[in-house]
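The two complexes that follow have subunit A in common; it is paired with subunit B in the first and with subunit C in the second.
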Partner chain A sequence: MFGEPTLTLGQTIGLLSPELLLLLAGLVILGLDAISPHKEEKPWLPRVALIGLAAALVATIMLWGYNTRVLAVLSCDPFALMVKMVALVAMGIVILASDVYIRAHSRYQGEFYALLLFSTLAICLLGGATNLIMVYLAFEFLSIISYILTGYLRDDKRSTEAAIKYFLYGAGVSAVMLYGMSWFYGLTGATDLAGIADALTGNLRPVILPALVFVAAGFAFKIGAVPFHQWAPDAYEGAPTPVTAFLSVCPKIAGFAVILRVLLTALPPEGLEILGGDWRALLMAISAITMTFGNLVAMWQTNIKRLLAYSSIAQAGYILIGVVSASERGVTAVLLYLAAYAVTNLGAFAAVIAFSNQIGSDEIKDYAGLHKRAPGLALILIICLLSLAGIPPTAGFVGKLWLFSAALDEGLLWLAAIGVINSVISVSYYWKIIRAIYLTPAETEERIDTSPALAIALGVAVTGVFIVGIFPSLILSLLQTAAQIFFVG
Partner chain B sequence: MFPILSVTLLIPLAGALLIMIIPREDARTIRQVGIFFAFLSLVLATVVWILVAPNAGVMQLEEKYPWIPTFNINFHLGVDGLSAPMIFLTALLTTLSLFYSARTIKERVKEYYFLFLLLEMSMLGVFLSLDMVMYYVFWEIELVPMFLLIGVWGGKNRKYASLKFFLYTMAGSVFMLLAIIGVYFQTGTFNILDAAAAQPFAGNFTWASMAFWAFFVAFAIKVPAFPFHTWLPDAHTEAPTSGSVILAGILLKLGAYGLIRIVLPMFPAQFKYFVLDVPIVPIMAVMSIAYGAMVCMAQWDFKRLVAYSSVAHMGYVTLGLCAAAAGIGTLGIEKNFNAAASGLSGAAFQMFAHGIITGGMFFLVGIIYERAHTRELKAFGGLGNQVPYYYSIMLVTGFASLGLPGLAGFWSEFFVFRGAINFIPVAAFIGVLGVVFTAAYILWKIVQYIFLGELDKEKWGHLTDMEWWEKATIWPLIIIMVVFGLYPAPLLDSFNAAMTTILQSLP
Partner chain C sequence: MPSRKPSINWTEAIWVLGMGAQGGLMIALPVLAGLALGFLLDNRFDTLPLISLILTAIGGIVGPIILYRWVVSTVKQRMESKQDEEKPE
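Take a look at the complex of A and B:
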């Protein structure tokens, strides 16, 4: 009824090929893992997963240019494809970084990689979801996989505790979000985002705001924004470190994709004055509080995983600046920052994994003298931290430049000002790590070696940091094309 | 045309990358490569200056390539009579610093030379950029190597000093980033010259003032102008010798350069308002001069004394700028125009002269510290006979610093006061008192306490005079002090031409 195109089965499969390839790769891994001898090391598992991701990435790139609906609840448009590309590249780095760690810590490797692929599938679905039901299902799919992955070290008390906390919190928030979605259905009789937008009228004014708040709670949970962030530090600290890397990036990509699509499609800001439910004011407050809170609390952390957890809360606050700008520049900024954040944060986590693989510690004080024990690793970690702080010529700087200019373009000087003040605050805790690495002498001279897979992950991440930081033009036009779908026509 | 500016900018980067692939055990090769690339950039900078000199009032050798076309950001370089000498100064002090460090830095040589060349590139980038985003990028890049130079090779309090330096500068500059974006939305360009010509926020006093202060504070912290100077004594005192040389010699000039290149042409009305109507800026300048000089009198740590003297000396730069800003609107009168040009050229001359003189001063502090392992002025005495060569070099540098006619420091003060007396006589009068203090602390504190009086034979009998490489480091600076002291015309003409162009563009 909303201009649904008639697609043949072949066309549908073609448009869904990234998702189908991920599903296939996940199933193949499960099957191969089941039939191969139990005691074996199975170093080929991550390779199969990477091949699956690469195939999905190629399929996504081939689909570039399409802008059509699939199966009524999904959309195959540049925005969705861009989200998929970022998620696929990010997941590739996660898998490369997982290799040694997972082999050393868990017997269930096949399931691990299969779950990572399925979670990627969930993110891809969220990138294209145009129906609240689809949004909810994919959200739950992603959440449940995240809970399992968090508790993956089942003999480790902290891992299990983190998973339970995360699960209880997530279940509650998910129920609230579903409740909010039911309000929208009750108000408009539609679950399709475009349908909701068409049905909303002025006389719904008093009830739009509560419905919006309920749904926003779910989104805020996924991106780890205040006040729905409490799960993050515990889950990050307790989860196996590769999973922490995953949690800090992948659900955020999905969360922001959904936030943008739902809000800009169902509740476009230009019609909101008459409705009285301006989500921009709500998200502005969340943005300002989230970045300030995350940064201030991060200053007190002594464990690097916890520190990066709070830092990633703050980063979500920055990204929200782009969301509330609700302009083409703003959406471009969100996508750019997500890409920048993904490579940067995964690079930092890959370094943390490389460190803990050998040393077995996540305490910042143990990083003393890293520059001597592993010069390359130290350099890459510092580059990633500087990128998180937004120092040029890294990806983080270009991302912030776009976010702040999107805010200023919309006259949100105060929000941009809070953003830049926070960048300064953040330097003081990233500095703690840099101080340990470069300024504090090492207690031992023992070298830290990096496995080949991790070295590739680090290399990909740091290359990404510099490519986005120095040559952002290479991706900017694609990002703009993706952002335009909400504003043209 | 040969892209000489890009090459000048990228030579240090190439050197840094080359050093990255040399094994760290091979310190000798690393030093040689580092010095060679720094010297190469010095040769190029000299060529650039010679090329620019005949027509110094015009932006020349411009290079412009699209960098981020969707946002109209360009890789845009250019030099005029203001930036060319500053580029020369940057390359010269870097080369001398690396030459000096070859014998004084023995730990982590590879990282040191890598960071130093990176630092040189970022400083050159600031002086060469004609695009505000590029300018900001280089401005921020510079923080990281300097921060590590202080933090790794610095003195006892290095961790505190390095973080303070980083946070101070960054806190100041982030608001400049917002102002840059704001100016872009007003004028549609990041080009420094075009944006200045478009006079952003011209009709809106509040917004223009906010943008003015966003830029001004960022630069004032770097200069540093009172009351934003408190990071400087710590950073200078803790930094290794070469780090202090670069900090005082060039980093401070980045701030002054920004004031002249961006703030004055872009917000002339605001500048004038905060000089004449609400005289905050002249008070900052005068306080820097007077307070800085008085604090010098109270210092007993040689290096800290020289650090505070930078605060005072950079106050002249701000004062010269105030003179020019005060004249805005009355520049049609020839007398006023000449006075404004004099103040501004004096400020620029001071940037150069202070770089040379204080650079030399910090080398001299380092040279004696290497031998005596103390900087306590009271601990010395009577060294004049023990180290006569060092004494004479110190005398020349000290006299240049206090503005003795015949040495480079004199001309900057002369022209700054000539401009200031015309527009802001009270500030000029107080500023002149600073000159008196300067003479006092140089003669009394440095000369008298270190070189005159009784020599403690037991304690200082072993002190040796300057080595050949120390002389080789300091002589180029002495020569420049004397040459431009006796014959300032080449440098002054260069600055004057560029400053006249800027003044003519003002309303």
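Take a look at the complex of A and C:
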């Protein structure tokens, strides 16, 4: 698929410039934080983080059009660049939404923003990883940062407990995924994804099957798919709310990028029909169970963070529909839905953070009468919930349309039908929040103010929801270019 | 602020390694057991790969459930023991 170019040091640095800029920005934040004379108030920290993200985004855009290998374990191609762009924009919204919350709850603000930037670096590496060792290292890099961020409020027992649970569960799954990767290496003598594809044959099916299950376990854990979803509700509820926003989106972007690259490169359905059929069958079952389970359990939740946790489990099930389609349209649909999901879910969480900053509650009943206390906030939250449910003209609708049509193109009518039924089911629990906001009378008339940074986060998110929903053609050609790399040649 | 010499708590490090290995086994063993048993039954009844696939899938579902239950009980025990340590005598 790729040539093996000999790159000069300058070219290598250029191709890795988004990652290097993120690393530099993270280190600058740590350094400035350490020498800053002001111990409590550091409003410039998120600004420095945003400058780092913006610089990395510009570097990523400037690399558009490249399709080459870097350091033998990474690829700088349109797919990797698209994943980086989505991750960078998503992290920008997370940082904007974190400002007030982190200043109010933690003394260690510099470390928080540096960790967010390093986690973006890990996602960028995962987007371009073409070698199982690189995949594992970047996965662990992202996981360890996620564990630390989940337990960031050290004095909060729930945050600590959630972090320990997440860490122990993640350690077990990580061990199993590494075991599965070692099977692949043992059977093929390669850790490079293209090398694995060259060495695999259908005769290896009985021994590849457990390896596939073990590696899929790691991926399913990262995207929060059933049956590796149990960590998600506890971690989402216990983590600081900006971290919950991060957990609900960023590991999913990384997880789906890796799933697509590993499965479509190492086990391509066109070259390895039997093995390709095996992983598609496995993921079809996981997709159907994940969306159904997530939606059914979400219906019983009374805490908005737990509800959004189960909603995000269901969303992972929808996105898997695009993966199992294993076609150019399917990959385009996954990327489109990831972009739509990122702006939508982060918009919803930004609204939850704005509410939580002032009221200090995540219970749905406390959202009663929100439309009178904060009309703009209520409207944005509802737009995001409608987008998550897949109601037009929002980004969620266009994303689901593409996912389901990709499944239909591949003859997966039953899976698309389960997706549609689940979308209808999901309306019931999003309606529960909308009912509280608009139809339940408020107990108090106290207004809820939103900080300027949060207002920008909400504005960016809702703009993204409508741009992707009404003008998807603006990004579709870029997404199609990104998806083509798995199907050309 | 008093300076503290950073030190590695080897007991904690080994505990964590042990937990990771134990957790990994909890997922891997049911899958491998399902596959092995399925393979035996498939050979006996000439149904390859049907029973192998079904039992491997069941192993894949049972493993994470066992792991989660174990994680919850371990964390509960650990939080309780930490609380006991912090209680004034």
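The definition used in the following text is that the second predicted complex is superposed on the first by the 477 of 489 C-alpha atoms of A that agree within 3 Å, B and C clash if a C-alpha of one lies under 4 Å from a C-alpha of the other, contacts with A are read in each partner's own complex, and residues count from 1 in each chain.
Definition applied: a residue touches a chain if its C-beta (ideal position, glycine included) is under 8 Å from a C-beta of that chain, and two chains touch if they have at least 3 such contacts.
For clarity, every value in this text was computed on a predicted model and none was experimentally measured.
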Taking the superposition on A as described, I'd like to know which of subunit B and subunit C A:427 touches: first, second, both or neither.
first
Going by the contact rule set out at the top, does A:175 touch subunit B (first), subunit C (second), both, or neither?
second
Between subunit B and subunit C, whom does A:439 touch in the aligned arrangement: first, second, both, or neither?
first
Touching A:164, do we find subunit B (first), subunit C (second), both, or neither?
second
Output check: A:416 vs subunit B and subunit C. Expected answer is one of first, second, both, neither. What do you get?
first
Touching residues on subunit A, where the partner in the complex is subunit C
157, 160-161, 164-165, 168-169, 171-176, 179, 205-206, 209-210, 213-214, 217, 227-228, 230-231, 282, 285
Subunit A-touching residues of subunit C, taken from the complex the two chains share:
16, 19-24, 26-28, 31-32, 35, 39, 49, 52-53, 56-57, 60-61, 63-65, 67-68, 71-72, 74-75, 78-79
Touch list for subunit A against partner subunit B, complex
371, 375, 386, 391-393, 397, 401, 404-405, 408-409, 413, 416-417, 420-421, 423-424, 427-428, 431, 435, 438-439, 472-473, 476-477, 480
Please output the residues of subunit B touching subunit A within their complex, sorted ascending.
24, 66-71, 111, 133, 136-137, 140-141, 143-144, 148, 151-152, 158-159, 162-163, 166-167, 170-171, 174-175, 177-178, 181-182, 184-185
